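What follows is subunit A paired twice: with subunit B in the first complex and subunit C in the second.
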Partner chain A sequence: MTSVVFWVLAPLAVVSGFMVFRFNSMARATFALLISFLASGGLLIWLGLAYLGTVVILMMVMEMVIMAVFMVAYMMNPAGLMPMSMVHNRRGSLAISVAAFALLAAGIFVTPWPHRAGAPPRDATFALGEALMGPQMLTMITLGFTLFATMVGAVVLATHRGRYDRFGDDLKRRPPADPARGGVGQ
Partner chain B sequence: MLQLFLLLASALFAIGLYGALSQQSIVMIMMGLELMLNGVTVAAGGFWHYLAPASVAGQVIVVVVVVAMAVEMAMGFAVTTAIFRARDVDMADMAADLKR
Partner chain C sequence: MITSSPLWSVLVVPVLLAAFTAVAVTADALLAARAAGRRVSPRVLVAPLAEVPRLLAAQRRTTLAPDSLLWRLGLATVPAAGVLAAVVIPFGQVTASRMSVGVVWFNAMEVLTWAGLWMAGWGPNSVLSLVGGYRFVAQGLAYELPLMFALISAAAGAQSLDVAGIASAQGRLWFVVWMPAAFAVYLASVYAFSFLGPFGYPAGRDLAGGVLAELSGPDRLVLQAGRWLLLTAGAAMAVPLFLGGGAGPLLPAWAWSAVKTVAVLILLVWGRRRLPVIRADRYAELAWVVLIPLAIVQALAVALVVLTTGGTP
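Now for the complex of A and B:
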């Protein structure tokens, strides 16, 4: 049973991941990536990481839906109706990725892996929560600050009214070209 | 079985690397990066299950990678939005100012 689950989900993850860069349609590519993530999340659940596997699945479903929206918004050919090449240096990229895979695979089979030490806890999710609220608190705080900084940075980058819009490319425009009057000094 | 999991992770990483290097569209490059991180998640899960299930470190690594995915996605879309708004560009080759 265990190997059946692996041999169903693992090829599905790899093939759908590969198809991401083969489809002409960006929407299809997005959903191929989603299938790859679902298969990976399924494997995590099968390994006993029920919580993390579920988080990966839920997060990726939302992420891929958002990605599809961004694709339709920004890309010139999201549906792939006009087949066009949007790649560069395909041979070089292929060579580098095949070499990376060969190197990793060689390392996997050459390394003398240690034996399994210990047994999984009765409730892996509880153990994770306990660690994040205890010995791994610093990790959790760092992740929290990182996510907060990301939110601030993303909003600053994506906002329409930035300093370059107001003051020009050389930041010398006076008075600034504000869409509406108001604010400090006006 | 650990080797099979690591092989799967390597394959996902290599496919993602190919995408990140070969694609011109910024959104497709982000997809490649996501696939690479997906490989790291699978490898961390395999390490946890087959080498050190008693330790919680493997699970923590998965949490860190999931957060890295979220950060990459959010910042990637923010950069895409900024550059698209400034220049109507959604291809990496058209935003190569730092090359000069």
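Now for the complex of A and C:
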């Protein structure tokens, strides 16, 4: 049963990852990549890392849908109605990626993996949380604040709905000029 | 103590979910007939279920140069998301899968609708359904974060991501009592991920049906069934998250689960006719300016209560 799960999900992850570069439609390429990520998330759950696997599924679905929006917006031929290739330097990139895959896969087999010392934790999610948030608490807090400040800063710089955009240079315009009418506080 | 049943019980989940969904659509037909001033007869009540064989037999609509692969995949994803989300919901004293991270699983499966609906909108190569698909993505960006904080509030209150653990942590006080904001945000999000009622914007009448515009026959059945299955799964999940699961006097636990699920469903179906449709851009502002801070304060309050008392207030 367990090996069935592996032999369904692992080839699915590899093949759909490969299909990203075979499709000539941005939408199909994006969702092929999503299927690859979903299969990887499934493999993590199969390995007993339920939390990590489920979070991979959760985040990747949202990320890939948002990526699809941008891929379609920016590519000249989003729907694949005209033939186009997803790759540059077709032969070279194929050779590099196959070689990299072979190298990494070979690395798995030739590494002298250590034998397990001790038993696996009863609750892997809890152990993971403790490993991240226990000794590394200060790092994680700093990281969290930095990332959050970066996001807020980027939004503030990019927004066209800031205070001065809405209320004018002297902040006296009433009602404020909003791109969409209605909303909160009006 | 909620126990996990054998693997075959996963097959019971879609049957049970479909049964509750049938209750919901029948209640909806009843309310529709009353609102239209028609006499409520048995014919009116079976009308939505009689649609099923009609749609199965009806011809499929085809469009010019569709992306059939993504179209069908997207349509199938929506009901599949509803059923998969329901797998972790305990019913009375049993659950099909006692997953240690059931709440996250429910969230992940409900998010599959994002991909499903975008593909369903993209597939037919039609403007109206494409706009409908994009509307759902915009709506998703608005409803998802408040929903996550609502789920986190319940999980933090029970100090567990296991849905059965959350249900059994409400022995003394139901979470709905001391997490009212999280419950309200959760119910709004159930409408949002099943794109029904006030969040029917992706399938809006102003878009000639949006994502439903190019669908007929079995395709239409799959998507319509999918959104009602999602609504039902959301209503059923509200019971272990906020309403004490199968706890209650006299009746057995499964009966209380059923009664509470039907009660939430009836509330949602009734509210669907009472509330106006809200545009995604306006809901995005409400969600980010009001609901996310509200949900964070709610989660903070829960965390402080748990830290000071070690459990319920």
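Structural remarks
Just so we're on the same page, the second predicted complex is superposed on the first by the 139 of 186 C-alpha atoms of A that agree within 3 Å, B and C clash if a C-alpha of one lies under 4 Å from a C-alpha of the other, contacts with A are read in each partner's own complex, and residues count from 1 in each chain.
Quick note on the criterion: contacts are C-beta pairs under 8 Å (C-beta built on N, C-alpha and C of every residue); 3 or more make two chains touch, one makes a residue touch a chain.
Source: prediction; values computed, not measured.
The superposed arrangement places subunit B and subunit C next to each other on subunit A without a clash. Within the superposed three-chain model, A:109 lies in touch with subunit B and out of touch with subunit C [touch as defined at top].
When both complexes are overlaid on chain A, the residue A:34 reaches subunit C alone and has no touch with subunit B.
Touch criterion met: A:123 reaches subunit C, while subunit B stays clear of it. Which of subunit B and subunit C touches more residues of subunit A is settled by the count: it is B.
In the superposition on chain A, A:58 makes contact with subunit C only, while subunit B stays out of contact range.
By the document's definition of touching, of the two partners only subunit B reaches A:70; subunit C does not. In the overlay built on the shared chain, the residue A:173 is in contact with neither subunit B nor subunit C. When both complexes are overlaid on chain A, the residue A:22 reaches neither subunit B nor subunit C.
Put simply, subunit B and subunit C get as close as 15 Å, counting only Cα atoms, in the superposed view. Shared contact residues of subunit A, touching subunit B in one structure and subunit C in the other: 55, 66.
Partner subunit A is touched in their complex by these residues of subunit B: 1-8, 10-19, 21-25, 27-28, 30-32, 34-35, 38, 41-42, 45-46, 48-56, 59-60, 62-64, 66-67, 69-71, 73-75, 77-82, 84-85, 90-91, 93.
Those residues of subunit A that touch subunit B in the shared complex are 6, 10, 13-14, 17-18, 20-21, 26, 29-30, 33, 36-37, 40, 43-44, 47-49, 52, 55-56, 59, 63, 66-67, 70-71, 74-76, 86-90, 92-94, 96-98, 100-101, 104-105, 108-109, 113-114, 116-121, 124, 127-128, 130-132, 136, 139, 143, 146-147, 150-151, 153-155, 157-158, 160. In the complex of the two chains, the subunit C residues touching subunit A come out as 65, 67, 69-70, 73, 99-101, 104-105, 107-108, 111-112, 114-115, 118-119, 122, 125, 134, 137, 140-141, 144, 161, 281-282, 285-286, 289-290. In the complex of the two chains, the subunit A residues touching subunit C come out as 25, 27-28, 31, 34, 50-51, 54-55, 57-58, 61-62, 64-66, 68-69, 79, 81, 123, 125, 180, 182-185.
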